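Can you keep this structure in mind? I'll have questions shortly.
As written, the chains take the letters A, B, C and D, and residue 1 is the first residue of each chain.
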Amino acid sequence: MAGSTYGTIFKIMTWGESHGKALGVVVDGCPAGLSLCEEDIQVYLDRRKPGQSRLSTPRREDDTVEILSGVFEGRTTGTPISLMIRNTSQRSADYSEIASYYRPGHADYTFDAKYGFRDYRGGGRSSGRETAGRVAAGAIAAKLLKEMGITVTAYTRSIGPIEADMSRFDRDAILSTPTAMPDREASLRAEAFLKETMEELDSSGGVLECIVDGLPAGIGDPVFEKLDANLGKALLSIGAVKAVEIGDGVRVSKAKGSENNDSFCILDGRISKRTNHAGGILGGISDGSPLLLRAHVKPTPSIFKPQNTVNTDKEEISVQIKGRHDPVILPRAVVVMESMVALTLIDALMLNMSARAENLIRFYKKTP
Amino acid sequence: MAGSTYGTIFKIMTWGESHGKALGVVVDGCPAGLSLCEEDIQVYLDRRKPGQSRLSTPRREDDTVEILSGVFEGRTTGTPISLMIRNTSQRSADYSEIASYYRPGHADYTFDAKYGFRDYRGGGRSSGRETAGRVAAGAIAAKLLKEMGITVTAYTRSIGPIEADMSRFDRDAILSTPTAMPDREASLRAEAFLKETMEELDSSGGVLECIVDGLPAGIGDPVFEKLDANLGKALLSIGAVKAVEIGDGVRVSKAKGSENNDSFCILDGRISKRTNHAGGILGGISDGSPLLLRAHVKPTPSIFKPQNTVNTDKEEISVQIKGRHDPVILPRAVVVMESMVALTLIDALMLNMSARAENLIRFYKKTP
Amino acid sequence: MAGSTYGTIFKIMTWGESHGKALGVVVDGCPAGLSLCEEDIQVYLDRRKPGQSRLSTPRREDDTVEILSGVFEGRTTGTPISLMIRNTSQRSADYSEIASYYRPGHADYTFDAKYGFRDYRGGGRSSGRETAGRVAAGAIAAKLLKEMGITVTAYTRSIGPIEADMSRFDRDAILSTPTAMPDREASLRAEAFLKETMEELDSSGGVLECIVDGLPAGIGDPVFEKLDANLGKALLSIGAVKAVEIGDGVRVSKAKGSENNDSFCILDGRISKRTNHAGGILGGISDGSPLLLRAHVKPTPSIFKPQNTVNTDKEEISVQIKGRHDPVILPRAVVVMESMVALTLIDALMLNMSARAENLIRFYKKTP
Amino acid sequence: MAGSTYGTIFKIMTWGESHGKALGVVVDGCPAGLSLCEEDIQVYLDRRKPGQSRLSTPRREDDTVEILSGVFEGRTTGTPISLMIRNTSQRSADYSEIASYYRPGHADYTFDAKYGFRDYRGGGRSSGRETAGRVAAGAIAAKLLKEMGITVTAYTRSIGPIEADMSRFDRDAILSTPTAMPDREASLRAEAFLKETMEELDSSGGVLECIVDGLPAGIGDPVFEKLDANLGKALLSIGAVKAVEIGDGVRVSKAKGSENNDSFCILDGRISKRTNHAGGILGGISDGSPLLLRAHVKPTPSIFKPQNTVNTDKEEISVQIKGRHDPVILPRAVVVMESMVALTLIDALMLNMSARAENLIRFYKKTP
């Protein structure tokens, strides 16, 4: 199955393994005429690079993107944009041992069950490195959204028991703290917690959050292509995400209708809502309030504590994973979350242009 | 956008509004040769019928399904199966008032924002009645799964603060209690809670849970078409679902790696897992353990308490919703959850048949 | 495989067999706000009805369409439009014999090879009656196109050796002659030819032609989704079509570049072409000239002459087909051709709205 | 619109312009376990290279393919296979003049109409070089087909008035003659004809033909996804193809039913046909006979004769195209035809695996 393809009009296909020659993505369906250069993409990729702080592995991944097609004289041409990132510093020797057994919490066993064998070097296609292609494509989607006045902002909401206090929200902190938290104080406490966790040869989960501002009302579809359904799929497609929430999320199951319903009101002459329990989506369609999304990320499965597992000969064994692994996935996943949200929104916006017959007819009557 | 279409090979298209002439679904891609009759589908539809208990509205919806095509001499032919349910007892008079304002928590405003106007009778296409088509198609998917030894079991896990105790799990209770809980004692308490909620002119949310037994390892795809991503989309496409969890779900964000990783072991000569924090999916691919899914359902937005909102003339008003509305959505949504899970799994299984070259080649070498 | 689904944004799913309870189509993705009533669709269906002249079978098919959903107060709502046509006069007795053997030129054998068995009554899903759903959906697409000033006109260009003389082109003749030829004189000669053919217990092929006026330049895509590629698929999906031509079609293979190239020129201040060998499409994208398409239709395979074939027990036998069969397929296929072209164009137009970044950005900046 | 994506399960995305940095394709959905190396792909690419004979341009395109992902230890892993071909010898200087006007018979004007501007270097994305990605992917599809005993053989059937005599069919001649004709004598005459055509500063069209042997009966779908409809789309998506024929093709429109119907018979105990007017497809589904397809290719639009056209300032001008251009497209398009047919067939075969419920059920019951 063609599982590395995403989107309907703004469609992307990502490719590449952790330890292959290169990784990349092709974007088929980007509108023509968008100003685009490699630097636009590189700033996004740099946010998911490892080795940037004491919380991520000291591996050096250059992740330098090259635009191979689809851009001419600084603008997108409407034809496929091929983006490639050469793998420069992978050392296969680090990983050869894991060929013979199934790491707990990883996709080693399920890949074998599906395909009969696997590229075991660094997790192959199931490595977090797979997200480089998503981020490269997401940078383009985010640039288009920005031109429409739509911004997507993701950050680490919590790590283990340490939660960011949103009353101290500081956008700059997202990019400058090693945790990608928007609260510098919580970030320091989370760092201390992670230091302790590493000393215990363990890892920690956490919560990613994302806010979308500026999305007009009316985007998304009823029934199967609900905007929240597609955003939920987008987030659950990120490795290690085990739960997603829209607006009040899991709290709705304990709420009463009178608490959960958002009253409509008039603000500045426009229909608005006094509260946003719905997270900006009603009946699968955006309501003009900010989107609010959360993703629960499991702890890094590669831990240094000894673990029980089985080998490919179906023997029970004990293993101790080596190498360099982040104690927490979240800081580098923030930009992946932004990318998946941006890709989902741009496609929904493009598909929505023909929702009304009058817009469709007017579009072609005026076009020469 | 074609938002009422679902699936890649086993593809369905649902149609119909709450107060239109009929509702239905066409199933395009069901394999040929499956024994199928109207009764197979009717038993599923009957589970989502209202008026079955004191927790659901006394409206009578006959929901009698008619097979219009695709079945010949008791077996599916491989061509589209068209299923129709006539609307028999809708009275438009009940709903005419809501044409002029936007109900809080409903899709009235977002439909207007998207399409410019809406079929306001009973919520039109955003009504819960839309799910009749999903359930009719889901019955066929579930029948196919059953032939492969795969069972999908959904139930109400909690309503407001009342949670089913899984140590008292009783499969029969799901079909016979008015709450669809698998624990008769919790169900009685939930009924009392709902009675109180109704007296307060309010409604309650709750949690749906679903277990899938018998799914082989190796189903689903890495990257965007992860099995959990598609199941998450399936559940979030059900109106009122605001969060989904796989396995440990939201608990992973507070867990450590050593707690969250499931150790592999050998059971009866086969690779298995000692625990199932992962909910049966690793790296987007099934691992042979049972799937475990949860959906958080918001309280029924139609409550009888007075609420503030705006009308279509952009005036702030106070409204009091009339009519007959369930105090909780969950009991009737249980079979919708089963249906969406079944539809998602059957498609994944069909797509997976060609995952290995050897299977593809052998299939056609042996076929005459 | 979901082979009865067509389109990306304007998506349809057709269903129904020759002798089932009903036939129909669901249109998922029609823009909201289009004025639509059953009569709009009925006029298209009436053009494919049999029994209208001495060239088509005296069977009476009422083909009365019912709109079951998606239209409210005379306008499309943007949600799925379900259209149903009850089968009223099918007599299964006429067809029971063919269950035991494979008719030459029909899909009896290939259905068995694919599905293991078939609904043999009247050809089941491979009957020409399958096109009723296409025409019902095509009527909606054509109505949308007309609002944009785009007209699709198909007609019979030739029957056997008798060809319409385009210098006598008479649009009214298409709807009023039994051959659907635009040349009354050729039509009379074709009728005489068909009378003779029927007396020989034989049937005849012919050529359908279609002209599209008013399509703006710039519609369609390079590479795989070329407008001519999609139109070609649309026409080859009509049963009995064995060749398609765009513009000069098969003549290009004998032409020189200097003959085949159309010179660009300026007409009324706009870029135009002096000739139209290309049939209105260059590089897969419309060039503003009329589209010109041809489909070669094979003779009706049901002929009354004795024929050799095999039965389901793999014995060679001689058969003589009974029943009522048109000596030529074309007159009733004209409106099917128009429908498939209209469906293909409306989808291409909707997809094209986001081809330029400036249009996408402007659309959402102006939308409230 | 994502027009550079092809296929449902075996899905490809091609990218790259004539004068960009590179061209390529990503194959998402290739089954795991197929033995594959760069040489397998290179032999296909070499067949479309220019500069191989006096009929193709002396430009040197190295077209050396690099496998960047999806192959591990010599076998496909089931994850995306990224293939890249660096552009090494393009000189933009040759093409800068054409930025200012629209070449007759080319997509210059239609690209501007769609996208607002274009990459004018060497035709950009509408160049024949775009097909390199198709051929690279087609090589993989063809290798899979070969393992199932299915062979796809395309060749030049005619160039201008010179037609290959099929009674002299010589498979080796296809690869060794400069015309890719299977008849050495006709090839010599075609070469003489093309020499003359070049001296007249002109170009010629021709006919490509393709035979598929070994395809089992039962592949393809009724209604919209007919095998011939998809093959027709595949061929019409090749630039310069203006007509396609299946089996007897255009001849069916002049045929009688008694001539066109193929009688079924028993050969070696299997159901077969005495003739093959149908070209191996009945009702959209393969019938077990060889597939027979033809594509009519227009003359190279780049001719050296002076031509009238308009410039981007909407002035009528006369132009004389320079550079190096083949007098006929066909010899290098033969392998493109094979590739598109192979890609279409492999996808149809994969989709067909679940056509029967018994196969689906048996597949998963036996799989561990």
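The rule is simple: a residue touches a chain if its C-beta (ideal position, glycine included) is under 8 Å from a C-beta of that chain, and two chains touch if they have at least 3 such contacts.
Computed from a predicted model, the values in this text were never measured in an experiment.
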Common touching chains of chain C and chain A: B, D
Pair exhibiting more inter-chain C-beta contacts, C-D or B-C: C-D
Computed distance of Cα centres, chain D from chain C, in Å: 26
Geometric centre distance via CA averages, chain C-chain B, whole Å: 38
Multi-partner residues of chain B (at least 2 other chains): 1-5, 8-9, 14, 32-33, 78-79, 114-116, 125, 216, 218, 222-223, 351, 354-356, 358
Residues of chain A touching chain C in the complex: 8-9, 31-34, 76, 78-79, 144, 147-149, 216, 218, 222-223, 270, 349-351, 353-361, 363-365, 367-368
Parts of chain D lying in touch with chain C, wherever the complex brings them together: 1-6, 8, 14, 102, 104-107, 109-111, 113-116, 125-126, 130, 158, 160-161, 197, 200, 202-207, 216-226, 228-230, 232-237, 239, 242-250, 252-266, 269, 271, 274, 278-279, 281-288, 296-303, 305, 307-310, 314-316, 348, 351-352, 354-356, 358
Contact set on chain C toward chain B in their complex: 1-5, 7-11, 13-17, 20-24, 26, 28-29, 32-33, 66-70, 72, 75, 77-82, 84, 114-119, 121, 124-125
